[in-house]
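Next come two complexes, and both contain subunit A; in the first it sits with subunit B, in the second with subunit C.
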Partner chain A sequence: MNVRSQVAMVFHLDKCIGCHTCSIACKNIWTDRKGTEYMWWNNVETKPGAGFPTQWENQDKYNGGWEVGNGKLKLKSTSKEKTVFNIFHNPHMPTMDDYYEPWTYDYQHLFNAPEGPDQPTARPISMITGELIQIESGPNWDDDLGGSPIYAQNDPNLKGLTPEQQAQLFAVERLVFFYFPRICNHCLNPACVAACPSGALYKRGEDGIVLVDQNRCRGWRACIAACPYKKMFYNWNTGKSEKCILCFPRLEAGQAPACFHSCVGRIRYLGNVLYDASRIEEVAKLPDEELVEGQRSLILDPHDPEVIHEARRNGIHDSVIETAQRSPVYKFVKVWKIALPPHIEYRTLPMLFYVPPMAPVMANRSDDVVNGVSDDLFHDIEQSRVPMKFLANLFGAGHESKVRYALRKQKAVRWYRRALTVGDVEMSTAERMLREADSSPEEAEAIYRLTSLCTFEERFVIPPMHREEAIQMLEDPLEHKQSVGFGFMMAPRRGM
Partner chain B sequence: MNTAFYLDQFLFAVLPYVVAIAFIPATVYRYRARGFTYSSLSSQFLENQQHFWGLVPFHYGILVVTLGHLVAFFLPQQLLAWNSRPLRLYVLEISGLIFGVLSLVGLAAAVMRRLTHGKVYRVTSGPDWVLFALLLLQIASGIGVAVFHPWGSSWFASTVTPYLWSLVKLNPDLTAISASPLLVKLHIVNAYLVIGLFPFTRLVHILVIPNPYLWRKPQVVRWYGRQHA
Partner chain C sequence: MNCKPLFLFACVVLAASAARGQDAADFFRQNCVSCHTVGGGRLTGPDLKNVTQRQSREWLIEFIMNPQAVINRGDPYAQKLLQEARGVVMPPISGMTRERAEALLALLDAESQLPKSQFVGLQMSDRPFTPNDVALGRAIFLGERPLANGGPACLSCHTVKAVAPLGGGRLGPDLTRVYERLQGRKNLGAWLVAPATPVMATTFKQHALQPEEILPLVAFFEDAARQGGQDDSAARLNFFLLGLGGAALALVAMDAVWRRRFRSVRRALVENARRLAR
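Presenting the complex of A and B:
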């Protein structure tokens, strides 16, 4: 056992209202610089939808992530040998057209236009060339376009859905969509790190945050192709790769990352988990249907005395073990099993988990008459307007059992609370549903609390980063006094 | 006569040292202190199709040709021995010419791409244009030498190599060089200019080719609090 600590995350999709506050918070702090305008370290997608960059989940096109061949784990996009031969031209590199060309507007024209018969307009100009452009795509371009033939119907997750299920997703007045906020997953087996020829990408040992060393990145672009979630971005101005840093300067100060902090739906949870690093490779090689369970088995019980002993032996501070014991992520993922990793079949072992949405159907409309769909309180989850298969493609590597388990438990919790507070359903039925969903009234109460009444402190249990113990801090702090100071002191300008 | 003598002295006995004095400290400084400025500065993200047809032939062409020059510099005797059979000489000369043309075509395509594609044009700097002009001249003059003064793989080893080694030994011997054709002289002087500008251009990306990747473990973990195996 090799116990490490990882800052992990849960997004509760039933609570996401698609307001994009998270995206704006991130953009304003980190990616408002030249070369990063097009990047959205945090973005919120409409599902079904084509996503950002367009069709990022289509790995036949992008070749991201890992695959297993001859019992070995291999990157789809590259290998050590291929890196040598493809160093001058990356065959799997997405281009700006797959994202969008950033633009602003020629506002000056509103003031400077000569007198004429028409009102002057501010036309869009490219933020790269400064020329007038025809806008063809933009940030969040397919927002709320569930049901649209050019966006929603091109969602790679529709693979394996029957024509009836697809028709159900797209029929006018029956169509459904939900929101899918995405940041870097800070994976346990990151493809970007493994692909980096320069060794610039790394995972922080203490908290598992994946970062790019900007001084060592040489712009070989292998990470952009390797990340199956397309959360590595190429800064076209500096010639360096950039990515979500999980606001580590905020985390080190005990604050939640900006996108978490600003989330108005309170859908986001953050906390560290202890995991067994010695079994990562073994788990990443499991067959598709065992991956979700396999990744759960990597996450260790922070109350287990043996785990605590091994964690201490590995230099994990008691205060970090203590936050792992209070971690909301541990509860959602490991104890309640209602949060699932996105596209685990990419085998990067993402450490951002999603509570799948129930999207209840309360009524439908036929012949201009509104009908109740079922007499059931909340719909039968098998009848969900978001087909189980679609959610399974997103959160279960195509296998429905884990998604069904999560949805059944969520429904049982709703019944239980309904019986308790409204009383129009039988408590005995609710308790039977809880039993059938592998749950209990105590657990239902805890899930309800952390879902609906959670305070800031309950949602974000941030482990102390203990920077005071870092090697840098132990070096003579007076050495650089009155000279250059600590860290990166030169402005990050593009090289000649 | 005197002017030509002093010009040769300047170009072949003084310029190389001036270049070396600029090259070595500037390169060391930039490598050690300005890591952020090291990048391939790739524009593939902005344009992907022409990128392939320019960059791939250029790089493979220039790599092979440069390797040939290095062999002639370090292993002149072996090269002459190889060339002692005419057929081997022809094979070497023709392949050198092919790779030279490959690099010229590739570079021309890459420069055209930078001129014609709006987004790529925007990320091309002044030093880039100077470098492209020098490189075009360098490759074109190299091909010219190969065509008009053939069997260079042999005469390089017997004339240029001794001259270059005399520079290394700080005892410049210009006898062979002074008698060289104009095109050869142009090729050499232009090479000095490229080397002199090396630390001030994107050429530095040659220094950071990612060799450790081939034998490192796939996953990289950095620890703040401890040195970890």
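Presenting the complex of A and C:
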């Protein structure tokens, strides 16, 4: 056992209202520089939708992530041989058009336009060329054109849905969508790190945050092709790649990352988990249907004395073990099993988990009364407007069982709370549902509290970063003792 | 008891001087024998037998350390030497120091006393060259027949008129008339034993040519010189044009192979949807 600590995340999709406040918070802090205009380290997608960049989930086109061949884990996008041939042109990268051409508006024109019969307008201009442009796509184009035959109907997650189910998704009166906020997953088996020819990418030892060393990055962009979530971005101004840094300067100061902090719907949870680093490769090679369970098995019980002993032996501070014991992520992922990794079939073992959304049930209409409540409780999950298969493609590597489990449990919690507070359903029914969903009233209460009544401190259990220990691994803090006065890195010399 | 330290000291001194003598001989073999002999007659440079009786030690050391400087300052004896060598200036020897020059002069003194010095020069056969020799020399020059000690083929740096379709290397000088330039078989052969110019010396110090390689090479150069002429610029131009054409062809090929490199996933979706709508 090789116990490490990782800052992991949960996004509760049932609570996301798609307001993009997270994206704006991130943009204003990190990517409002020249060269980063098109980057959205945090973006919110509408599902079904093609996403940002367009169809990022279509790995036949982008070749991201890992695959298993001859019992070995291999990157799809690159290898030593492929690097030679693709060194000047990597054929599997999104183009500027797949992201979008960033634009602003010619606001000066509102003031400077010559007097005329019409109101002056601020026309869009490209932030790349400075020319006037026609806006053809944007970072949340699905939001703007939800359900369009061009974008939403080309969602790669529609694979495996019957034509009826697909038609249902886009029928005007039954149209359904949910939001899917995305940041870097800070994966346990990051493809970007493996692909970098310069060794510029690394996963921080103390908390697992994946970072790009801007001094070592040579702009080969192998990471951009390798990341299956397309959360690596190339800064055309500096010629280096950039990515979400999980606001590590904020984390080190004990604050939640900006997108977490600003989240209006409070959908975001953050906390560290202890995991077994020695089994990562073994788990990443499991067949698709075992991946979700495999990744869960990597996450260790922070109350287990043996785990605590091994963690201490690996230099994990007691305070970090303590936060792992209080981690909301551990509860969602490992205890309640209602948070699932996105597209784990890419085998990067993402450490951002999603609680799948409860879509409204299929409404039925009788005598001009639209009835949104079904009598058959358990069939609601199966009959919800978002087909189970669609969610399974997103969160279960195409297999429905884990998604069904998570949704059933959530449903049961809702009915339990309804029986408690509204009282229009039988408590015995609710308890039966809980039992059948592998839950209990105590667990339902805990899920309810962490979902609905959670405080700031409950949502964000930020492990102390102990920078002093990390720094001590690299340099001797007493190096300058007795040789340098304060305020100097070099000893002051006598004289002018 | 008392004489023991003295004895030890004497041993050390003797050993050191013997070592220095051996060192000087090695140095002479590596750097000088291509142009000089001791009692073997002149090659490109003069025979160095009794050289210390012809000039003062001080002058000799100065000349050894920087031949060009002595010639440049118009020294009459140096001018005479230059004339005798038909204008070939002794190259500066890398690693030459005053101590080394003195050691070399001491070595020359000692060698001059011997009835037959170890540096009388390469004893190359006088037999006339056969067409076989020329063909073998050509093969060696072209690298078709690898050098026994693993040195690089001549062609990698040198060329000879019409030796290969695109000419040879351009780093070193054209060797078409080297046979005339170095005045014949004996000088050229001696030169090849231990090439003395800085580039050749570093390349061939570890990979000396064998006598059985030198003879065919000299035959080949003699044949080339007899046919005369010089490497023409046509080959040079051809080479340039071929490179240019090759590069253009490679670019066209890459453009063809990666013609979809600017394809965008989004545009394809949009165009596809529009086509279906029509």
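Here is the rule we go by: the second predicted complex is superposed on the first by the 451 of 496 C-alpha atoms of A that agree within 3 Å, B and C clash if a C-alpha of one lies under 4 Å from a C-alpha of the other, contacts with A are read in each partner's own complex, and residues count from 1 in each chain.
Throughout what follows, a contact is a pair of C-beta atoms (placed from the backbone, for glycine too) under 8 Å apart; a residue touches a chain by one contact, two chains touch by 3 or more.
Just so we're clear, the structure is a prediction, and the values are computed from it rather than from any experiment.
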| item | value |
| --- | --- |
| Fit-or-clash call for subunit B and subunit C when the two complexes are aligned on subunit A | clash |
| Touched partner set for A:58, first subunit B, second subunit C, both or neither | second |
| First (subunit B), second (subunit C), both or neither touched by A:221 | first |
| Partner chain in contact with A:95 - subunit B first, subunit C second, else both or neither | both |
| Which superposed partner A:495 touches (first subunit B, second subunit C, both, neither) | first |
| First, second, both or neither for A:151, with subunit B first and subunit C second | second |
| Touching partner for A:50 - first (subunit B), second (subunit C), both, neither | second |
| Touching partner for A:137 - first (subunit B), second (subunit C), both, neither | second |
| Contacts of A:330 with subunit B and subunit C, given as first, second, both or neither | neither |
| When both partners are placed on the shared chain, which of subunit B and subunit C touches more of subunit A | B |
| Touching partner for A:204 - first (subunit B), second (subunit C), both, neither | first |
| Colliding stretch - subunit B into subunit C, listed as 6-14, 24-32, 132-140 or 150-158 | 150-158 |
| Residues of subunit A contacting subunit B in one complex and subunit C in the other | 89, 94-95 |
| Complex contacts: residues of subunit C adjacent to subunit A | 258, 260-267, 269-270, 273, 277 |
| Parts of subunit A lying in touch with subunit B, wherever the complex brings them together | 80, 83-84, 87-90, 93-96, 101, 126, 128-131, 189-190, 193-194, 196-199, 201-206, 214-221, 224, 234, 236-240, 315, 466-467, 469-472, 488, 490, 492-496 |
| Subunit C contact footprint on subunit A (complex, rising order) | 50, 53-55, 58, 61-62, 89, 91, 94-95, 97-98, 136-137, 149-151, 154 |
| Subunit B to subunit A touching residues, read off their complex | 34-48, 51-52, 55-56, 58-60, 118-119, 121-123, 125, 127, 200-202, 204-205, 208-210, 212-214, 216, 218-228 |
